[in-house]
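Chains here go by letter, A, B, C, D and E, matching the order in which they are written, and residues are numbered from 1 within each.
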Amino acid sequence: MPVQLWVSVVELGCFAGLIALGFFLVLRGADVFMFALGPLAMFGAMFGAFQVSRNGWPLPIAALIGVAIAVALSGLTELLIVRPIHRRTGGQENPSIVAIVAILFALEQLAGTLFGRTPLPGTPFWSAQFRWGEAVISGQSIVLVAVTVLAFAGVALWLRRSANGRMLRAVGDNEHAARTLGVPVDRIRLIAFCLAGLLAGVAGSLFAAKAGVSFTSGLQWTLVGFLAVIVGGLGNVWAPLVGAVLVATLQTWSVFEFGHAMRDYLTFAVAFLFFAFRPKGIFQTKVRI
Amino acid sequence: MTTRTTPVAARGTSPLARHRWAVEAVAAAVFALALVAYGSGASFRQDYVVLICTYSLLALGMYIPYIMSGSLSLAYNAYLGIGAYACGLISTRAGWSSLWGVPIGIVLSAAIAVVLGLATRRLTGFYLAGVTLLFAVAFQVFLLDRVSLTGGPVGMPVRRPHAFGYTFTRYDIMIGAVVLVWIVGLLLSRLRQSPFGVVVRLRKDVPQVVESSGISSGTIGVVSLAVGAAIGSVGGSLFGMMGGVAQPESFGLHIIFLAIFMPLLGGQRSPWGAVIGAVLVVVFTFELHILSDAGTLFFAIAILLVLRFAPLGLLGLGTPLLRLLTRLRMGRTPGGEGS
Amino acid sequence: MTESAEIGRGTTGTAGMSVRGLGVRYGHAVALAGLDLDFAPGRINAVVGPNGAGKSSLLLALYGAVPATGTITVGGRDLAGMTSAHRARAGIGLVPQGRQIFPTLSVRENLEVFAEVIRTGPGSVTTALSRFPRLVERAGTRAGNLSGGEQQMLAVTRALMTDCAVLLLDEMATGLAPVIVQQLMAVARELADGGTTVIMAEASIGAIVGDIDRGVVLIRGVVGGEATGGHDLDQLYRTSMGLTP
Amino acid sequence: MDEILLSCSNVSKSYGGVAAVRAVGLELRAGEILGLIGPNGAGKTTLVDVITGQQTADTGVIRIGTVSLTGPPSRRARLAGFARTFQHPQLALDMTVRENILIGAVPDRFSSPWRVLASAFSGAARPATPEIDDRITDLAAELNISALDRMCADLTLGEQRLVEVARALLRGPTVLLLDEPFAGGDPRGVEGMIHALTRIVERGCGVLVVDHNVDIVASLVDRLVLMDQGQVVFDGLPTAAMASQEMRTVYFGSGT
Amino acid sequence: GSDDEKSGSDPGGDTIVLGMVTDTSGGAAGYASYTSVAIDLAIKEINAAGGLAGKQVSLITESDGSDTTQTPTLTRRLIENGADVILLNSGSASAIAAKGVCVEEKILCVAPTNLSADIIKPPDNDNIYILGPTSAGIGESFAAGMKKAGYSKLAVIADDVPTIQGYVPVLVGAITGAGLTSVAEEKVPADAADVSAQIARVKEAAPDVILVMSLGGQTEALVQNALHQQLPDVQRFSLASIGNQPTTWALADPGALEGLVYAGSIDPGNPRTTEFAAKLAAVGGDKSALTAYGTQGYDSVYLVAEAIKKAGGVADKSKLNETFQQISGYQAHYGQSDFTMSFGPDKHVGSDGNCGLVLAQFGADNKPGAPWSVYQPTC
């Protein structure tokens, strides 16, 4: 595979990894799959791109507010929708998930209504380009990689070392016990959602520079992260990143070798064989309880 | 709270409970008749009713594996598509009645569901979701890609079904669809209460109990997936015969999300919840273009509202009422629960 | 810490726990129908009753983990408005019934989470661990992989991390080997001697009958009698159950 | 006390550095109640798990009659006629007590994929099972389980444990493995269970009971096995066991 | 919810009702809105000039969000609500899905912007029409142009939406038919985040001309950017979409579109086009930019109007269809100045030849510039 493609793999892997890390956090802390993260990333990025391209806002301010919006929307999702439903159904998973998918659609259409249904250009934070042999590496990809590594290391440390991080894992493990003992479950769940929103917002605004962003990008982004989580598993904080890079490699390589049509066949076939013969995923935690 | 003298089968004495199936069948039949009456009006209403039935079958197909057994299979667009394309292929290529497409679609969909189910048998539902989602995507590519078989982006025509020299009209298909949903709903409702239903539901929360009772939890899962896929495929055949065309865009990923929505919107405790969900979805999609710009925004908001105020689905709203009624009828006070 | 100072665990005997008109209901089901009870400080108090009598509901209400009506006082101080975290910080410890641990967290992390809730330092974790040699050995293991009894040890030692003005033990002995039960009862006795109000809920007290100072029988959410001494309590329990003693 | 139903020889299982079960040999005869006791973490639950297939043994054979037992739990349960309870009750909380117990009565209807499919169809045709319902009602009365149509979520832990035992009993097993059935039970429930156990044993069933309520166990069982640190350290009559030195050192603590 | 006026619901009423299936929220929403604005404009003009056959014209719409499961039902509902003619202003797949209804209900259906000849492919095409030129016409023009410019090795990059995939064999067939060889044919997923693998394959095939086919937007921009970076010296062609999408131009890197040739329909030299552009500008709003979508929508209304006038009303459906088929030499508002449209019983594509197309080239500012000097399609 040409070096340029490896650059793409790294970019894609980092982006999908960030989204997947958001999934990981909410799954770990609140035990729901926050499918709306892709659209959240899109929403934040759309806001930033809209303000920069239409209203001429300076990039850092627009991006910052975009990320803040993603965080706020994610938090509101928990506060206004998921939490009441979670309470009323006694913690059943399905109604919460459906609500989240509904939010996914709502965000998509809201973005379409507010920011228009045509794609908006993203602006790179660092527009330099470096040549490395045959390959061209943009400054933006370097920013993306750096942010990803920082985010993963930060989250790993936070989950292990900080009080809130440990409580987040405890709440995800046994919400009932946590509530009984007096762990501030509501606060912890909110933190999980907001952090996931933050990761998504950052990922979206960094990635938008590559190909622009449109109101339909969100669903695609959700799927990319979802795959990464599935392949990587949930046994380890770094698992989503490993999963994301593997998926990105497979998809890029298969397109390069066999053309696009094969990409989806091959992805399916590999996943199928993988799960059929190596059912544990890559990282998995299992306790016997 | 632990009086032993309360007759254990107290529930069985309620007249409503004793004739439960008859009541349910009649109630559903009344609803079905209402649908038919509605569909006897303007001709777009027949499409409307058939779409409701198609979505109902889609949601009913989800019911056993997803709601009862807890396996989130996401390949329903494929099952629906297989049903429709089977009818198209058999009627245009072989020149047979498209009705033959129905059994062929059933067998094919069920077979695929079995293979997908077997691959993820030892995994949590999460992985099943992943593999089936990828399959769903690959299926879409396949429909577009294999032009010689599927007609590519244009799709292929599905001829009106005929049997014994009679060609069914759109109205006939509508009637057939409503009757089909009525039968499948009723059968599933009975199935839910039967030992099979109980075992399948237990598998969702305590698979290890099912296993240690001598029942292979994997087999149960695979069989429910197959039955669900078969039901979904019938819905697809219906849709194809009504629309007269099988097109790749009709079997996109959005179908999957609808399929997940519907049973939960209506209520999980009964298959009729799935049907109610289907009605809601169709009505929401066609009637909620208040501000035409926002399209599905209102659809999504409507769903959120339903979930917010009836987290257990619309039928979930009805159950407490019904319970209160029966209890009052039996001369007990609401405070007496648990005695 | 200031709150715990207020509640106090003095030898004066004022830190006893009293409830008046305590009611708990789940939807329409009434679990406790207005109890009036006093638990003496410095004693091991038992609440016995058949399954479903409302013992756990009582203990959870005392800890503030289920909503309840009526008043609860400790040493004369009303606990109204205090969340379970507040009560834990004020020195009320609970060993809940069943496996209320965090399965994918290690043994040590399980304790660290609770240390965070009651805001004590890492030192308290080490102290708590050292109470059971078995747990020290398994400190890095995920709690979900422990044996049933080891998990119970973890829950007990976690509750002991509080100041123990009041110690609520819900079927604490369940699943523990006699040797451990004895150790634990010795700890309970020691704490009681130091002024702690120990309240134990049990569905049968055969194993610990000798350790109980006084207790009540709870049947279907109401008090069915009171007795001093474990043996008398057991008699009373059996007769109110309609069994021959 | 005749034929050997179940035998384990040289069974070991370890997790990382922890040897949970070490070279255990054990026999269970028809019509026998065998007590398995030992300190916490001795490996009792692990041994039960290994026998029923919830965990796979590192070494050793488990035989039922003369056939050696392998494969997933469902296969073993079918071949050997196992029924078991779990130390922590495993119930579907949003289903009724009756439904949770019912599964014990129907495993033969699900023994192959085709039979599963067939029972789906026959279930849709005839959902009611009055004869099974009657059996459940009787069993519930014996065990003092009150309302069969309550949701399991509303049950207390003690009540849930009874439901768990009822499910295993309903199966009419050849070999019954009970992991701490008496824990947290009230006297009446315990009485009911003992009664049910003695009855089932008369039919030739073999029962293995793991529990820490030594008094109840000792008065109930025909033979007592003591485990410590993964190994069997004593195997004999309950009276002998209770008086033994091993029992005092590893289980009661030297004080007793 | 359709915004139908109740007066329209009875066919003998005093208005003529045009029913439009559009897309306000799905994949076609991006361009369908341009068409809608122009259709509105045309209806307003007609009404201001006294209407058709003595009646005012009104419009009722339904949005299918490009979801083909909805299209037939919505089409029928339009008819039920009194629509006398159907305008299919959504994706090509929607038009195909609606085809059956059009034929069954014998109602005149026109799809103004869709290029796919599959929509009007017999059998069962009696009363459904498109304006054209079709994708085949674009193929022929490109073929002639590429040949004249002396290219021989073609690479194609197309996005994977069904509409575009339907065009691929048609265009490639036309071009290879003219003697070029196709050395690479790559597919790009719509909403792709990265296309470097496809570009790498194209690069390995060493083409001397590249054709990009997409609905425009993000995918097009990604591909053009990557091609500009990786194969800067190879001539690129693209479909009409890119010429009509200022937003896509903004997505492309500076200078990435320079030299790109696309099959537009806007010829600044056509006086009718400039006239229309002025009217549209007067309407205002951000959907009133001059695009082929707009002109085609505008023309479709006038085509229908001509047929209705000739038929003397809309009461007789088959007569209306006949008069539509009699339209001949209609001077369109797009294409080159000599472009006309005619219909007939066997001619369901309006365009009389390929001069409905204008091959134009992008300038260094990423904006469409002068007509391509090498070749222009003729009629």
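Please note the rule applied: a residue touches a chain if its C-beta (ideal position, glycine included) is under 8 Å from a C-beta of that chain, and two chains touch if they have at least 3 such contacts.
A quick note: this is a predicted structure, and the numbers were derived from the prediction, not measured.
Novice: If you tally contacting C-beta pairs, which comes out ahead, B-D or B-E? Let me know.
Specialist: Most contacts of the two pairs: B-D.
Novice: From the centre of chain B, which chain's CA centre is farthest?
Specialist: Result for max centroid distance from chain B is chain C.
Novice: Mind checking the centre-to-centre distance between chain A and chain B? Centres are C-alpha means, answer in whole Å.
Specialist: 31
Novice: Suppose each chain is reduced to the average of its Cα coordinates; what separation in Å results between chain C and chain D?
Specialist: Chain centres of chain C and chain D, defined by C-alpha means, are spaced 30 Å apart.
Novice: Take the average of all CA coordinates in chain D, do the same for chain E, and state the distance between these two points in whole angstrom.
Specialist: 72
Novice: As a quick test, compute the distance in whole Å between the mean CA positions of chain A and chain E.
Specialist: 37
Novice: Please set out, as single numbers or ranges, the residues of chain B touching at least two other chains.
Specialist: 1-2, 141, 293-297, 338
Novice: Tell me, which residues of chain D touch at least two other chains?
Specialist: If we look for residues of chain D contacting two or more partner chains, we find 88, 94, 146, 154.
Novice: At least two other chains touched by the same residue of chain E: list those residues.
Specialist: 25, 29, 160
Novice: Going by the contact rule at the top, pick out the chain E residues touching chain A in the complex.
Specialist: My answer: residues 25, 27, 29-30, 33, 160, 185-189, 191-194, 196-198, 200-201, 217-218, 221-222, 229-230, 245, 247-248, 250-251.
Novice: Considering only the defined contacts, which chain D positions touch chain B in the complex?
Specialist: Chain D reaches chain B through residues 52-54, 72-75, 77-78, 82-84, 86, 90-95, 99-100, 102-113, 116-117, 119-120, 122-129, 132-133, 137, 140-141, 144, 146-150, 154, 167, 171.
Novice: How about chain E: which of its residues touch chain B in the complex?
Specialist: Within the complex, chain E touches chain B at residues 1-3, 24-26, 29, 61-63, 65-70, 72-77, 79-80, 91-93, 96-97, 99-100, 105, 116, 118, 160, 162-163, 165-166, 169.
Novice: Residue numbers of chain B touching chain E in their complex, please.
Specialist: Checking each residue of chain B against chain E gives 42-44, 47-48, 51, 141, 144, 147, 152-155, 239, 243-245, 247-250, 254-255, 285-290, 292-297.
Novice: Tell me, which parts of chain A touch chain C in their complex?
Specialist: Going by the criterion above, the answer is residues 163, 166-167, 169-170, 173-174, 176-184, 285, 287-289.
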